[in-house]
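Shared between the two complexes below is subunit A, which pairs with subunit B and subunit C, respectively.
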Partner chain A sequence: MLVHSRKGKWATWAVFFVLFLPLFALPLLVVLAASFATNWSSAFPSGFTTGHYTAATRGESLQALTTSLVTALTASLIALVVGTWAALAGHALKKRGKRLLDALFMLPVAVPSVVVGLAILVAFSKPPMLLNGTRWIVVLAHAVLVTAFAHQSVSAAVVRLDPAYEQAAASLGARPSYVLWRVRLPLLLPSLTAAAGLCFALSMGELSATMMLYPPDWTPLPVQIYAATDRGALFTGSALAVVLMTATVLVLFAVSRIRTKASYR
Partner chain B sequence: MTGGIRFDRVSVAYEGTTVLDALDLAVEPGEVMALLGPSGSGKTTALRAVAGFVRPAAGRVFIGDRDVTDLPPYRRGIGMVVQQYALFPHMRVEDNVAFGLKAQKVPRGDIRGRVAEALEMTGMAAFARRHPRELSGGQQQRVAIARALAVRPGVLLLDEPLSALDAQLRSGMLAELARLHRELPDVSVLYVTHDQIEALTLADRIAVMDRARLRDVGTPRQLYRAPRTEFTASFVGNANLLPVTVGADGVVFAGTELKVPTGGAARGATATLCVRPHLVGLGAGPNALTGSVAEVQWRGATHRLYVDVGGHRVKADLRELQRPPALGDEITVHFAPEDAVLLSAGVAAEDTAPVTAGEAAPVTAGKTAPVAEGVTRDG
Partner chain C sequence: MASAAAAAPPAAVTGPRKGIPPWAWALPPVAVLGLVFLYPLALVVQQSFRPDTGGTSAQAYGDVFASAAFREALGTTVWLALGSTAGCLLLGFVLALVIAFVPFPGGKAVAKFIDVFLSFPSFLITLALLFVYGTVGMANGLWTGATGAAEGPFQFLTTPWGVLLAEITYFTPFVMRPLLAAFSGIDTAQLEVASSLGARPARIVRQVVLPEALPALAAGGSLVLVLCLNEFGIVLFTGAKGVTTLPMLVYSKAILESDYPGACVVAVVNVLISVGLYGLYRVVSRRVGA
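Take a look at the complex of A and B:
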């Protein structure tokens, strides 16, 4: 720590808690409390029931959870493949081409996601590219939105990768494709998993573009939560939110386990 | 695979800066050639041109009798060891060594044996199941060498392989490399280093490089005993470079007549006399020089004295003295005539034409090139 005096340390901790608790921790705790509550008339929810969870983990809600998980996993996978590919290709480009590619991939992040959603809706509503009304349009939108993050975090890692490894591999007679699979990608694995986790988390929480695109048979969890709170079912909404949070955190935890294993080497 | 490397007027430029200028050099099959030079001299670039990691702007590179200039690195049939080893951190030692064999689709049945053989050769068999991070620097170096040798390359490229090791390990690895080369007599080795000891110890011939150009080629003995240029003299070993005027039967240095072989240098010409510090003796003798002690350095086994003679510093490495002289003392040092080499003047690096391998190769070293006219016999 940069602060050395005892008083200074206490002050820093105090500032940290004053900022952290109300801004980050408290809202989440309130949602958690609300998900178990029966009554919310004063400042904090009161009463206790697990009934909201019974509702939140069956039927339509359970389906929304699987929808979200499948969408996020597929979108992250697409984003990871496309982003990594672009990062590796970009690395081989000259300076100007690389900058152009970076800008291109950052575009969906710079543009508001509602606009991206609308653009995709317009682009894929007519044959021959008729995806509107299918689940694929949701997956596609998520992939477009999160690829930027995959691309960015993988390109940062590609730049840091010591060229000595691939050169050593090439000098031993390995063709570029063999070097890619056996040396470069394994060495990039820590950042690939980090990128995958980031993409997954972003996709799990995506609402604005999804709202414009989702077909009736493919309702991701955030949409369900929005619908629940919109019609006034705050407790059900809270329970669904906790389910969404838990599912996301569990998957991220699994991904980070792979990452620790990969970076230990 | 036949060994041997040949550079045919190879030039390399990065964004307009020439880092290797028309290099002509041949490494015979089975020969160890050291590329010796300060950093930025182009020696590593030359090695990378053989490996295929830089593209020459002009000239051709041959491995054996194959023109490899346009071949990608993986089709050149080389083995390479670099300073930072570049062992694959995600693979065990045995998988690192097997990498090249698998990449080249060597039959599965043969791989185990060849990996074991390579590890045995470098004394790393007991570490086959370890990961690189569990090994010391010296052990990693051995694995890197085993990995390069496992593919049975015709030429082995070593890029400052010992510079990341501490001094003690380094001398051990030098002996090890010499032994490996005796066991693999057909492999040509191109050894890039800035360390003259490594070059003198290991190389059959040394190519001295400076500022993108080849300055000198010869056996370690030739370059050490009879350097042609001031640069070679000072870079291969330590040297006193004394400005002298050629006289009738020797040279004149700071007003003192010195008896040294002049090798037919023109009388009255200015030249540089090279005397190795460890060949300078204390006290009276032939070619005595008297001056005051400017500095005394005790180096354990030796004393290094800097003696001011007529405004020039003369270095003398003497076996540890019982009573070293004090600063400012008048002392006399001397050297034997046959221990001095006269370099002709104006040969200092700047305006020399690039040395071609033909001129400097040992076969033709007896016939001195024009610039080397002042060189004395190999004494």
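Take a look at the complex of A and C:
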């Protein structure tokens, strides 16, 4: 459309792929290739092995994977409940109140995650709320960080919701709790699952706040990857990273299946 | 918790029937946020005025501002963020332009790939770069294999340039997404008309596409600027002693040196810069309706 000549088109595409492939595709391919290698000192990795995966799905590493999954699941659930509640409550407020609520809930995105970690560490290291050293401090930090995204995507969907449905239900005598449970939340389901997927993916990859406050018996996968690469075990780190990416993509895929089923309703 | 949320907001729908005003339903989530986020943040500010020796003073601020490490970290953070943002805007604009206006088979798949790319953690990029440009990586291996030299010419990974490359790679998709959305709103007839009147592609891009894309560029650019200022994973994985940014300084002061007042001071400065810029981003994106 912009370029009409056949030659010009091919030239443009060539430029596109010369930029796109090395920058975006290469990193993922390289990590994948490295996870099967024992040595990489020329153009291609050498020494094919699946040993890193055997190590990555056993003992400490397996524990790190389950730790990450449990943390991400719990944090996403908390974020979804709090974020959805805030989005629905905010929708009923007047313009100024809604804007204030939006700003409050988006604040954790603007504050550096490291500082969120530091703040939670400072606040929950002393009685009466002594969480430091327990797994809950990690879950809490993740929940704080991802709630903003849950709130943002749900409140965008609430605005688009057609009020006719809930008005019809209410005019037929449905109680408010019934309207919410049987009309509004089902209508919001696609955006709720999308928000859940986003929160889960973000929490799985969270490193900054986690580095500030993870206890020794609750090390999520990103911390394990850092520990591996920091001691020079780059290939083990790559295998762990591939495990992390696969787990994330699998869960995202499962969540998107829910969405397609819901949208047929 | 789920049942509590379920029972909550419908009063908003039906209005004053039950006598609970809408703002009351907003209180529980705000209280939770206050307890786990706003109150801790306030404690950080408070602690930054409380040196280990006791009492209340701004001495920690003086110490930190006077230290060369802090000033260097501040400078590095700002120029890395500005440089990465500029790079992301340029690269994202070019790539989105090709996807939208010089369509090719598989362009949809590329757009989808970018969405998936966004859901991966940032440190993966640094990890990958270690294999590509690291001391024994692909590029250097090729060089030493071809020339027989003892070591390759690519030694920039542990310098700020390595961080810059990783940040541009990771954050460009954040610019491309709003741009692609904005481009989908441009009527292609406009381009055809301009082109049939004799305008060359460069002129069409400058006079037709760019004005339409400016809001999306502004919104995406300021978001990336904030995210770059806050980036930690990429810098940590680089493992370079020479590259210290503000988040890195917070981490090393708090965890490695146990200097909590100092860490809190740096944190306060970092929050002020980021939140200020983020507020600007919100204003810009609301004004342009992006």
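The working rule: the second predicted complex is superposed on the first by the 246 of 265 C-alpha atoms of A that agree within 3 Å, B and C clash if a C-alpha of one lies under 4 Å from a C-alpha of the other, contacts with A are read in each partner's own complex, and residues count from 1 in each chain.
The rule we apply is simple: a residue touches a chain if its C-beta (ideal position, glycine included) is under 8 Å from a C-beta of that chain, and two chains touch if they have at least 3 such contacts.
Every value quoted in this text rests on a predicted model; they were computed, and no experiment measured them.
Asks: Will subunit C clash with subunit B on subunit A after the two structures are superposed, or do they fit?
Replies: fit
Asks: Thinking of the overlay built on chain A, is A:187 touched by subunit B (first), by subunit C (second), by both, or by neither?
Replies: Touch partner of A:187: subunit B, not subunit C.
Asks: Going by the contact rule set out at the top, does A:222 touch subunit B (first), subunit C (second), both, or neither?
Replies: second
Asks: Quick one: classify A:255 as touching subunit B (first), subunit C (second), both or neither.
Replies: A:255 contacts neither subunit B nor subunit C.
Asks: Should A:137 be classified as contacting the first partner (subunit B), the second (subunit C), both, or neither?
Replies: Touch status of A:137: no partner.
Asks: Report for A:157: first if it touches subunit B alone, second if subunit C alone, otherwise both or neither.
Replies: A:157: touches no partner chain.
Asks: With both structures superposed, pick whichever of subunit B and subunit C touches the larger number of subunit A residues.
Replies: Looking at subunit B versus subunit C, the one contacting more residues of subunit A is C.
Asks: Taking the superposition on A as described, I'd like to know which of subunit B and subunit C A:171 touches: first, second, both or neither.
Replies: In the superposition, A:171 contacts subunit B only.
Asks: How far apart, in whole Å, are the nearest Cα atoms of subunit B and subunit C in the superposition?
Replies: 5
Asks: In the superposed arrangement, what residues of subunit A touch both subunit B and subunit C?
Replies: Shared contact residues on subunit A (touching subunit B in one complex, subunit C in the other): 170, 175-176.
Asks: Quick check on the complex: what are the subunit B residues that touch subunit A?
Replies: For subunit B paired with subunit A, touching residues are 51-53, 72-80, 82, 84, 86-90, 99-100, 103-104, 131, 133, 147-148, 151, 157.
Asks: How about subunit C: which of its residues touch subunit A in the complex?
Replies: Within the complex, subunit C touches subunit A at residues 1-2, 5-14, 18, 22-23, 25-26, 28-30, 32-33, 36-41, 43-44, 47, 91, 94-95, 97-99, 101-104, 110, 113-114, 116-117, 119-125, 127-132, 136-138, 141-142, 145, 168-169, 172-173, 188, 191-192, 195, 201, 204-205, 226, 229-230, 232-233, 236-237, 239, 246-247, 250-251, 254-255, 260, 263-264, 267, 270-271, 274-275, 277-279, 282.
Asks: List the residues on subunit A that touch subunit B in their complex, please.
Replies: Residues of subunit A touching subunit B: 162, 164-165, 167-176, 178, 182-183, 186-187, 189, 262, 265.
Asks: Which of the residues in subunit A end up touching subunit C in this complex?
Replies: It comes out as residues 1-4, 8-9, 12-13, 15-16, 19-20, 23-28, 30-31, 33-34, 40-45, 78, 81-86, 88-93, 97, 101, 103-116, 118-124, 140, 143-144, 147, 166, 170, 175-177, 179-181, 184-185, 198, 201-202, 204-208, 211-212, 222, 225-226, 229-230, 234, 237-238, 241, 244-245, 248-249, 252.
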